[in-house]
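Same chain, two partners: chain A is paired with chain B first, then with chain C.
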Partner chain A sequence: MAVSEFANGTGSGAALTRKTWISRVGITLRKRVFASPDMAGLNIALLLVLLWIVWKMIDWAFVGAVWGADQAAECKNATGACWSVIAARHRLILFGLYPYEEHWRSTLACGAIIATVALSCLPAMWSGKRLAALWVSGFAAYFLLMEGSLLGLTQVTTDQWGGLSLTLFLFASVVLLGMPMGLGLALARRSDLPVVRGAASLLVDFIRSLPLLTTLFTAAVVVPILLPSWLQGDKIWRVIIAFALFFACYQAEVFRGGFQAIPKGQFEAGKALGLSRLQVLGRIVLPQVFRHSLPGTINMVVVTFKETAIVIIIGFFDILASANAAFGTGEWAPYYMEVYAFVGLIYWSFIFSLGQYGEYLKRRMAVAKH
Partner chain B sequence: MFGKAMKAIFASGVMTVAGAAGTTALAESATVKTIKERGTLMCSGHNGSYFGFVEVNDKNEWKGLDIDLCRALTTAILGDPSKAQIVPLSWAQRFPSLQSGDVDIVIKATGWTMGRDTELGLQFSLPYFFGGTQLMAHGDLGISDATGLAGGTVCVEAGTTIERIVADYLKTISVEHTMVSYEKAAELRSAYLANRCDAFAGWGPNLAVLRATEIENPDAHTILNDQLSSEPIAAAMRQGDESFVDTVNWMLAALLLAEEHGVTQANVEEMAANPPNPTVARLLGNTPGIGERLSLRDTWAREMIGAVGNFAEIYDRNLGANSPYKLDRGLNNLWSHGGVLYSPILD
Partner chain C sequence: MPMSCGLISPSDVPKGANMDMTQQRQRNRQKRIVVQAVLLVLAIMVIFGAVSSARANLEELGLSSGFGFLERSTGWSYSFSLIERSIDDTYARTLTIGIMNTVFLGLISIILSTVLGFAIGTARDARGLGVNAAATVFVQVFRNIPLILQLVFWYAVLIHLPGPRQAITMFDVAFLSNRGLMIPALNLSLMAGALVLAVAVAMPFLMRWLTAWSASQRLKAWFVTVPVLLLLATVATRPEGAPLVTAPQLQGLRFVGGTIVSIELVAMILGIVLYGSAYIAEVVRGGLQEVPKGLVEAGKAVGLNSKDIWFRIKLPMALRTIIPPLGNQWIFIMKATTIGVAIGFSDLFMLISTSITQSGQTLELIGILMAVFLGINYSIAQLVNWLNARLQLKAH
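Our next item is the complex of A and B:
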């Protein structure tokens, strides 16, 4: 910003030579950083502190670090990080309690979920039929690989699913189930029928006034006490449905904001043109609703990704629980920092990609607006 | 509110279970029957790891003292330790999950309390572990019990029962001391390591784990012999199936009897071929009876010891000399070796 201001100031449109570029940086530095002795001192001090922190981190993470899986003994005397814990226990972090010999299945299943989510993000896939086909095949692939008995592989029950593959599965199912449910609830709240409208409002307000933990605890622990066993299903499905419902209730409100931003005249104009209600909704209203609610939706999705970690409380071995187990043994107990750094990096890379995708969508939709 | 509602729900669950369970002494336990039909025994695991009791190894398999006891029970009932299905459970979830039938038994460092025994509708096995408040001191003080702390500083976590227990105990044995309390466990630890306290107090197994894992030179610290308080750790089951409690109690008893008579994982077959005394002959099924009374096989104890070893082997592997924690047996030794663990008489 500083540089461009300066460029405007001189008003020169010609290509800058190397020399003028350097002098411009020099002037900017003088104006912005070394304007007065106090400021110069403060800036240099801050820079030194920053460099010191960066150096300390590099020193910890790389220079003094130990890397080998069988070097637990060396870690005791190391000055830096003990990445050996990741080398030795990364399979536990990524796959939880999934049987060791079958990890290739968990890896493929993880890939299937990531591919499903990534493909759903491509504009080329945005039609009801394509998305439905993609989601059904993506989730079927995940389930068949993880569970295994239908493919003739060793059966692995859901209580052994864990680690990153479980976190991704929970996240993807909650968002992909919750999104249409949320839209349905938002539409129901706009219904002309008072019963439908009232029921939807009641449901949304009821679920939103409960903490997520209570909702999940009820689904995981209380439901099996109340329902007959043939109605219970596996704990993981109950929890996914409860979580998706929770997501849907919040998402419904995000969509409602989108609906409210649309002038009433558009509905009337659509009607006047002889379009059916469905056509008005699908071709005029919804595309604008999606655009208006995009920032809120990205927010919800990111928050949900992080909130999946709450399932640790009801005994799911998600990535955070398996990270806890990874350093939860005598040999590796002192190296929790390394494990958390590793898990943090995984979370960060997924959430950062989601955020970048949101930015891309915003740009794309901004084009559509004009 | 929620708690009360939950309790009501549990109570109704318990009634059904109680109604279904047989009451005659020799009748097969309803829980054992379910386990046999299902072919697996569902035990409590943990959502993460609890040092020494429930952990996960490099091959993504459960291990630990509680896990080994679950495998022992599974072998006793089903003849194969791999039939144990460990369900990851949080602390809060363990009792509701037991009541709803998600697990058959909770073996999870769980203390036997009156509230759990009565209000929650549980019943407990014989205690298999005693963990209580203990003190850890710097090794260079050269002391082995709390009387050596006279005039010293003892650090505790603020506002815990441990604070009161330590104050009471040191007053009872008239040891003059200064007590300093810290708000957080981490603060307490660093204060101790920075030599601001001569000793600090905590739950025995946790002190041992701390000494073994987070302190650079474990030998420079001593866990004092004094047992300030004690919490009996036992397996928890649903109320109403007495025969299952019998099965679990005799599973524990067999492990202790095996230790007492020197029957180990390595020599169990030898012992069975040539029993040194009538008790071992009964224990390993040479003299019939041990199986029929529990509706199990006569060789269940022999198979169990062959699979997981006796109690000493289980302890040493997970908490004791062969583990990173090196936790002294202390109270958790047989009564004949100065501990409080005992087996009922095998007649």
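Our next item is the complex of A and C:
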């Protein structure tokens, strides 16, 4: 291998400076496509298949698509997508049953959550206090705008929230509630009191071996039987708390990994300096635990965003339910593909970008370690 | 930054520094016992409160608790079962069918996702540009969209397929229409099939116990014995004069012969396998990347071809890192079967939730659901631990 590279001139210093992008493409192709006849055949075939799929999708989504139809009937003869269904129904998909005149509030509220997530990605925000302040204020902004009565706007109760804004609400409240719960569980699992340790381990292992749907269903249907009526509260809050508990049990494991990465000597050094246990925890241990568990935490946040889609099953009008409603009625019924593509794209862009960010952080931290 | 810590003031020095050591220890012990006792009492009080309010709430609804309802017949029907079913079935039988459906769907999905995931994970690790790009696109598409959205999408696509007369055909052997997937089937009775399955499962253990064959010999023996047994069982138990294999054929408006896989099951398997294999592919890629480069180069140096390098060096080494997260994915797939309720596939969760609406025995039924999932996932975890222990021993 090394010999052939040298013979091709890539190894010599003079050639390196004169290397154009064409020669670089040539080298890549030689190494990664034409290394052997078999490999060339397989790779070219797969590239052609990929190109064909991409072309088919462009053909469907753009070339043969209808954009400006007012009536579903105008899409009958289209060979591609009928995006008019999105034009006609995007308000329903994004905001659900929220009152039409108040949609600007829903838009702003969604913006607040998205901004909160985006700001959390900035390294400048990475301290426990700042993140907590950011998430609490982002969530408060969302809630005040959506509910409205405290800002002197028309009151809109939670049962009218829906679509993307409900999905974002569930997501933000689960992360906000679940994060401190997860830290609490992780600390409880490290406690030197056997009762506390045992109870926390039991809870974490129990919730982790049940499907999320079972936990949420229990909160929605079973908990009202176990609680006296004055303690039951709204179904949406019961489900959010159960979802947060689910998040916390997984997040506790992520934090546990972070705790394990800290050498025992640091605890002892803190103790030897005469710091109290709380001081050792808050000033020495936790800042490092958060740092170590950052990639895992981002992964959990991404997973949580994906899993919120499941609430449609227990009867919430989230973005998936509003998508079903968008094409469910008469005239737009044939265009389910367009609606699912639209919702899929929303989910995909959120999840993909957060996931790529997590990968980037992981690489960055791996470099920092060496 | 909270990292910085200030100077220590005299008040931070532990108060009991000059107290007698044994006295302090005793006091600590007493404090610990009191704290834990208070917590235990609190927990017991919460449980008692829940039980008593449950009793009050159930009384108000006029419901009796207990498992007596399991003997009553249900009076309702559902979409899928491996064995005969009717609306006169008892709750016990219906729930048993639910467990069978969940385990059946879970096992098929686990096997298919693992095979596909290993193939795609290997492709993600491969050097070839086309292979790599195709695998990357697959993973990034199917991993980054919620499973339930993919599931309802596939279901919508399947129910919008043409009817049986215009069915999409694959070489006139299998047919896909809005009624489901029609595939050829062995003319095998259910009992005989179950028997062959039992032998197939027991064989690896029997061979290890009774023979001194190598792993590859045992694998070969298994792959010869099981098809032969299947063939013999079919010959022995098929109806008089019937062919060994029946293929689906269009007669009038519907298909006759073969076996039909309902669209709910097709959508479930399609959705879960695409999503699950994208995740498993990432696990496999991670494992393959952990294999030290020197080992692969050593393989090349002793003249192994690329197939041998993969099977004898990369895979065995990578499996050690792959198995634990792979086990988590298997458990995830088992749990994911519960979303079948979104498209009307009668898995255990759907049958439990229907039973709850029909019978009102909420607490008992949720208890059964939880117990079954704890049992299934515990078994998978044990299997993974066993696999892991074996691989760790062999590696060094």
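Just a few scattered comments:
Rule of thumb we're sticking to: the second predicted complex is superposed on the first by the 271 of 370 C-alpha atoms of A that agree within 3 Å, B and C clash if a C-alpha of one lies under 4 Å from a C-alpha of the other, contacts with A are read in each partner's own complex, and residues count from 1 in each chain.
We take it that a residue touches a chain if its C-beta (ideal position, glycine included) is under 8 Å from a C-beta of that chain, and two chains touch if they have at least 3 such contacts.
In this text the structure is predicted, and so the values were computed from the model without any measurement.
Judged by the touch definition given at the top, the superposed model places A:G26 against neither chain B nor chain C. Contacts of A:Y100 after superposition: chain B is touched, whereas chain C is not reached. Once chain A of one complex is fitted onto chain A of the other, the partner contacts of A:G257 are absent, as it touches neither chain B nor chain C. Of the two partner chains placed by the overlay, only chain B lies in contact with A:A88; chain C stays clear of it. Touch criterion not met for A:G233: it reaches neither chain B nor chain C.
In the superposition on chain A, contact of A:Q279 is made with chain C only, not with chain B.
With both structures placed on the common chain, the touch criterion links A:N324 to chain B and to chain C.
Of the two partner chains placed around the shared chain by superposition, neither chain B nor chain C is touched by A:G68.
Put chain B and chain C next to each other and count what each touches on chain A; the higher total goes to C.
In the superposition on chain A, contact is made by A:F316 with chain B only, not with chain C. Under the contact criterion defined above, the residues of chain A that touch both chain B in one complex and chain C in the other are 214, 217, 221-222, 224-226, 312-313, 324. Interface residues of chain C facing chain A in the complex, by the touch rule stated above, are 1-5, 8, 12-14, 32, 35-36, 39-40, 43, 49-50, 53-54, 56-58, 127-134, 137, 140-141, 143-149, 152-153, 156-157, 160, 331, 335-336, 338-339, 341-342, 349, 353, 356, 362-363, 366, 369-370, 373-374, 377-378. On the side of chain B, the complex with chain A involves touching residues 2, 6, 9-10, 12-13, 45-52, 55-62, 85-90, 92-93, 96-97, 99-102, 209, 212-214, 216, 323-325. The part of chain A that touches chain C in the complex is made up of residues 28-29, 31-33, 35, 39, 42-47, 49-50, 127-129, 192-196, 199, 206, 209-214, 217-218, 221-222, 224-228, 273-276, 279, 282-284, 286-287, 306-310, 312-313, 320, 324, 336-337, 340, 343-344, 347-348, 351-352, 355.
For chain A in complex with chain B, the residues that touch the partner chain are 76, 88-89, 91-92, 95-100, 157, 159, 162, 214, 217, 220-222, 224-226, 235, 312-317, 321-322, 324-331, 333-334.
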